[in-house]
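So, here come the structures, one by one.
Next, two complexes with chain A in common: one pairs it with chain B, the other with chain C.
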Partner chain A sequence: MENYRIMKQLGQGVWSRTYMGQQKDTDQLVAMKKFKANSCDEGVDFKALREIKLLSYLQHEHIIRLVDSFATPDMAVVLVYEYAHTSLDQILRNRDIPLSSPDIKQHIRMLLLAMDACHEKQILHRELNPENMFYLEDGTMKLRGFDLARMHDGKPNTLLSPQAFALWYKPPEVLMRSQHYSFSADMWSVGCIFAELMLRRPFLMGQFTELSQLDKIFKVFGTPNESNWPDYAILPLAWHSTVPVPPVAAVSLDGIFTAAPNDAISLLKSILVLDPSNRLTASQALRHPYFSNEPPPTPKGNLILSSPPPEAN
Partner chain B sequence: MMVASDSFSSTVSMEETIGDNAHHEAAVDRILAMRKIEASYCLQSFLHQQQSLPLSDAWRGKVTQWAFNVVDHFGFSREVVTASMGLFDQYLAIRGNLCTGSLVLLTSLTTLHLAIKLHETKRIKSSILADLSRGQFGTKHIDEMELEILAALGWKLHVPTPLAFVAEFLHFLPEEDVSAAERKEIYELSKYFTELAICESSFVQRQNSLIALATIYNAMDAIRFERLTEQAKQTFLCTITKATLGQAYESPTFKATRDRLNTMYAKVSATESFDPSTYGMTSGYWGLGGGAGGNPVAVTPNGSPSSTASSCYGHQHHYTKQTTKATKFWYTPSPPPNTRSVGVKTALL
Partner chain C sequence: LTLSDIVPPPEFRTRQRTKWAVAMDWTLDGYMDRQPDMENRMRGILMDWIIELSEEYKLSPMTFHLAVTLIDKSMACTPTEEEAEGKGMIGHGMTIPRDMLQCLGCACTWIAAKMEETHPPSVDDFVYISDNIYRRGQILDMELDVCSALKFHLQHVTPVHYAHEYLLASQGGPCRPNSPTGPA
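After this line comes the complex of A and B, so read on.
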């Protein structure tokens, strides 16, 4: 800790606090995530160890770079990242920042590139949301939040915890307590973020509970059945009154995303699919015509990341 | 331009059916990333070259044996032992392998704890590990040692294991020539070879990717294929090595690795028992305080690891008491797969 100067707190999570800091020798700005000292008789926090392990393996233009890691005398682990100036969450909440169609294309493209890198290296992120998408000053998106990420060899018998994912970005199979989900679960979160970019508000906002989130999903995408999701009935919660009776039909996404271009809606429809086996992979999504059609994505250096300064009188 | 999602999906499906190139490219990318990390872990020295130092092959052998017993007992993956020993070897190499029996014990407890946290979904409390030391260490010692090891290693924790490389290399097996059963058989036998490799310190300075390749070569020699011709086998091996390892498979180190693994395997397979003294284990216990002797006890590696694990815990006092009382087992890599004996013999000739 003696090598860094803490400047201010940036955020607080369940397990950690994030600070803006500065390297004393170089004056370089950094983000520092301090995991709370572990009181569970487990020594150094396992989430910090796994994040270090994954980030050393995952070196990519759109994945946050780990600069340093160390422990404080009270056994708390600190991970030091390159400093990012803002997040997609801050951009979306700031109504002074315009978000054009080409801007949206660039934002989702960078997220898909990050996802493709993760999935190609067999890493499930499991906590995708706008708060984990950070931006350097040059507009490069950097994915962060690998606390819950894990290696996954894709074998169907691997058990995975249904406790991962933020509620509004949680895929239906995980909400129905599947322990055998895969990379397509991350893709559901990508779809939710894409929808949020177009709507400028979260798309599927359940009310605090997983049941409410499922209800929200089924009201938009329809009740699962043999034709739209053949395997849903084997999921643990399929028989626990999670599926509305009588069945609900899907609504048209064209009616919700009225201002979005058709190719964007086509891509969204191919990602936000109830049946995980029918969702596009990140690699497939990047080859969708949406990205080659006009208009091209805004060059990342031209993305507006903060409010323009007030005009002088 | 409007694009229907259905038409795009069918285009994607067609692309996916063209071949396995995308999968192979992804596997190559992963292997190269693992190789890059592997190259950043370089052990400058190791114990088998420095027999005069306190940490001997025998001690390391006992640490490995103990770690296998613990992971079997708790139902963890045996790959955890490989990861743990990787951290163990690195840390002690950084210290110049200058250590006491007490330090070896504390290091092994701590690296096992780290490896479990890194590789397993289940976790284990520091207090349980402290109990395994029979009161020699408390949780505070283990937790402090954890920080000491992490700092010494510069928090570099991701040493790709030989088995991780094996899994990636096997993506290159031609699906049309190798049945699912044969593929599984190669994997299991390679896995067994990787467990043999972790038991002997002569493998420590060798790259895990090279060990992985050697295990696959040996496994393929030991298995008779129904459809994979000799030519196809050579093509497979050349493809993965050229794509990811350069010409390493032609090096004397590679040949020596293969030969040593085959020798170890032959002893286990041919006699169905294992003489630990062959692998530098001169004592059957955790006689860390000194080189306590004792009559080596041969064991059958086919024995159930879980059944032997409990006997391990019955002998935890051997950490400190240096007793010469016989234990039921010495060394327990997982049982070798039921290899077709003709194939094995052919390989060993």
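After this line comes the complex of A and C, so read on.
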């Protein structure tokens, strides 16, 4: 702790608080996450240990870098990351920042690169949303929020908790309480973020409950059936459900994303697919013609990350 | 996952990192000399006990080998008295008294289990399995001491990683169907 100057609190989570700080030696800005030390019977927080482990595996241009970690005298663990100036959430909400279609292409490209790196190392992120996409001053996107991430060997019998993902980015199979989801679950969230970039508002906004979120999804993609999702019937929620759901047909995405170019919609359609086994993987998505077609993605240095002063924050 | 993935985090150019680099430089060669109260055969006894403990709590080979590595590294990262005075490193590393060796074993296994297992044992499990010779607080303190001595550099390449790579290279299957050979 003595090596850092705390400047201000940035945020507060269930298990941790985040501060903006400065390294005393180098004046380098850092983000510091302090895990709460209230449950001292558990010793050093295992979430912190796992995050240290995962981030040391994942060293990538688009994944946040762990700079340091230490324990404070009151037994709390502090993880120190490189400092990111803004998040995609802040960019999307700031109406003074224009988002052109080459900009969108660069944003989603950086996200897919990060995702590809995670999945290649067999790490499921499980909490993708615009609040976890941070940007350095030079426009480089850095993925954060590995609190819920875990190693996944890809074996279909591995049990995973459905208690992950933020509601609006939660894939249908997880909403249906599947415990065997895989990397394709992250891809659903990627698709939601892609849609959000184009619409400039969250795409599927369920109201507080998982059922309402499922309802939102089915209203756009149609209710699941034998042809669009063959494995649907064995998911726990479908298996136990006694209430018949009136079948709804899928809506065409072209009607929702009227301003989007055709190749973007084609990519979106191949990512946001009900059946997880039919979703594109991150590396397949990166090879989609959308990324080679004109216009090329905006160079990341030219991305506009904040509105002109005085609205600096 | 390949061996090249498991490299230490990139050096961050600060004096603090440099200190870490020095602290992590200690070789495992003859590290027992750095622990005035320790003898070679004690390590063997401790490891036998950790094997028993791993069987009792059904810990994976990955956890066991990481625990062993953490025990060795935390004892090795300790400067001898002359080194400590000569290089201004007093307070670095940890000197383990004989009667705290088993406690070190508990703490390192606990850290490894938290990193590798889905359901790691609790501190009370360790108090129980070591026959109540240590209080919870002692194990908790030891855990934090290990993390600090190793500067939270807790991810290490262990023999399991090599075994897995060799098996893959020889086109064999994974070690055993039910033996998690780590993250790969």
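As a working rule, the second predicted complex is superposed on the first by the 300 of 313 C-alpha atoms of A that agree within 3 Å, B and C clash if a C-alpha of one lies under 4 Å from a C-alpha of the other, contacts with A are read in each partner's own complex, and residues count from 1 in each chain.
Rule of thumb we're sticking to: a contact is a pair of C-beta atoms (placed from the backbone, for glycine too) under 8 Å apart; a residue touches a chain by one contact, two chains touch by 3 or more.
Here the structure is a predicted model, which means the values were calculated and not measured.
Asker: Once both complexes are superposed via chain A, do chain B and chain C end up clashing or fitting?
Answerer: After superposition on chain A, which the two structures share, chain B runs into chain C.
Asker: Which chain, chain B or chain C, ends up touching more residues of chain A in the combined arrangement?
Answerer: Residues of chain A touched, chain B against chain C: more for B.
Asker: For A:N293, is the partner it touches chain B (first), chain C (second), both, or none of the two (neither)?
Answerer: The first partner, chain B, only.
Asker: Return first, second, both or neither, reflecting whether A:D25 touches chain B, chain C, both chains, or no partner chain.
Answerer: Only chain C; A:D25 stays clear of chain B.
Asker: Touching A:S266, do we find chain B (first), chain C (second), both, or neither?
Answerer: A:S266 sits against chain B, while chain C stays out of touch.
Asker: Is A:N3 touching the first partner chain B, the second partner chain C, both, or neither of them?
Answerer: second
Asker: Regarding the shared-chain residue A:R65, is it in contact with chain B (first), chain C (second), both, or neither?
Answerer: In the superposition, A:R65 contacts chain C only.
Asker: According to the stated criteria, A:N302 is in contact with first (chain B), second (chain C), both, or neither; which is it?
Answerer: Neither partner.
Asker: Between chain B and chain C, whom does A:Q284 touch in the aligned arrangement: first, second, both, or neither?
Answerer: first
Asker: In the superposed arrangement, what residues of chain A touch both chain B and chain C?
Answerer: Common interface on chain A, chain B vs chain C: 40-44, 46, 49-50, 52-53, 56-57, 59, 69-71, 75, 121-122, 153.
Asker: Write out the stretch or stretches of chain A touching chain C in their complex.
Answerer: 3, 23, 25-26, 28, 40-44, 46, 49-50, 52-53, 55-57, 59, 65-71, 75, 77, 121-122, 151, 153
Asker: Going by the contact rule at the top, pick out the chain B residues touching chain A in the complex.
Answerer: That would be residues 1-5, 8-9, 12, 15, 22, 26, 29-30, 33-34, 37, 113-114, 117-118, 121, 123, 125-127, 139, 142-143, 146-147, 150-151, 155-158, 167 of chain B.
Asker: Which part of chain A faces chain B closely enough to touch in the complex?
Answerer: Interface residues on the chain A side: 40-44, 46, 49-50, 52-54, 56-57, 59, 69-71, 75, 120-122, 150, 153, 159, 161, 262-263, 266-267, 269-270, 278, 280, 283-284, 287-290, 293-294.
Asker: Can you tell me which positions in chain C touch chain A when the two form their complex?
Answerer: The contact residues of chain C facing chain A are 1, 5-10, 12-17, 110-111, 114-115, 120, 122-123, 136, 139-140, 143-144, 147-148, 151-152, 154-155, 183-184.
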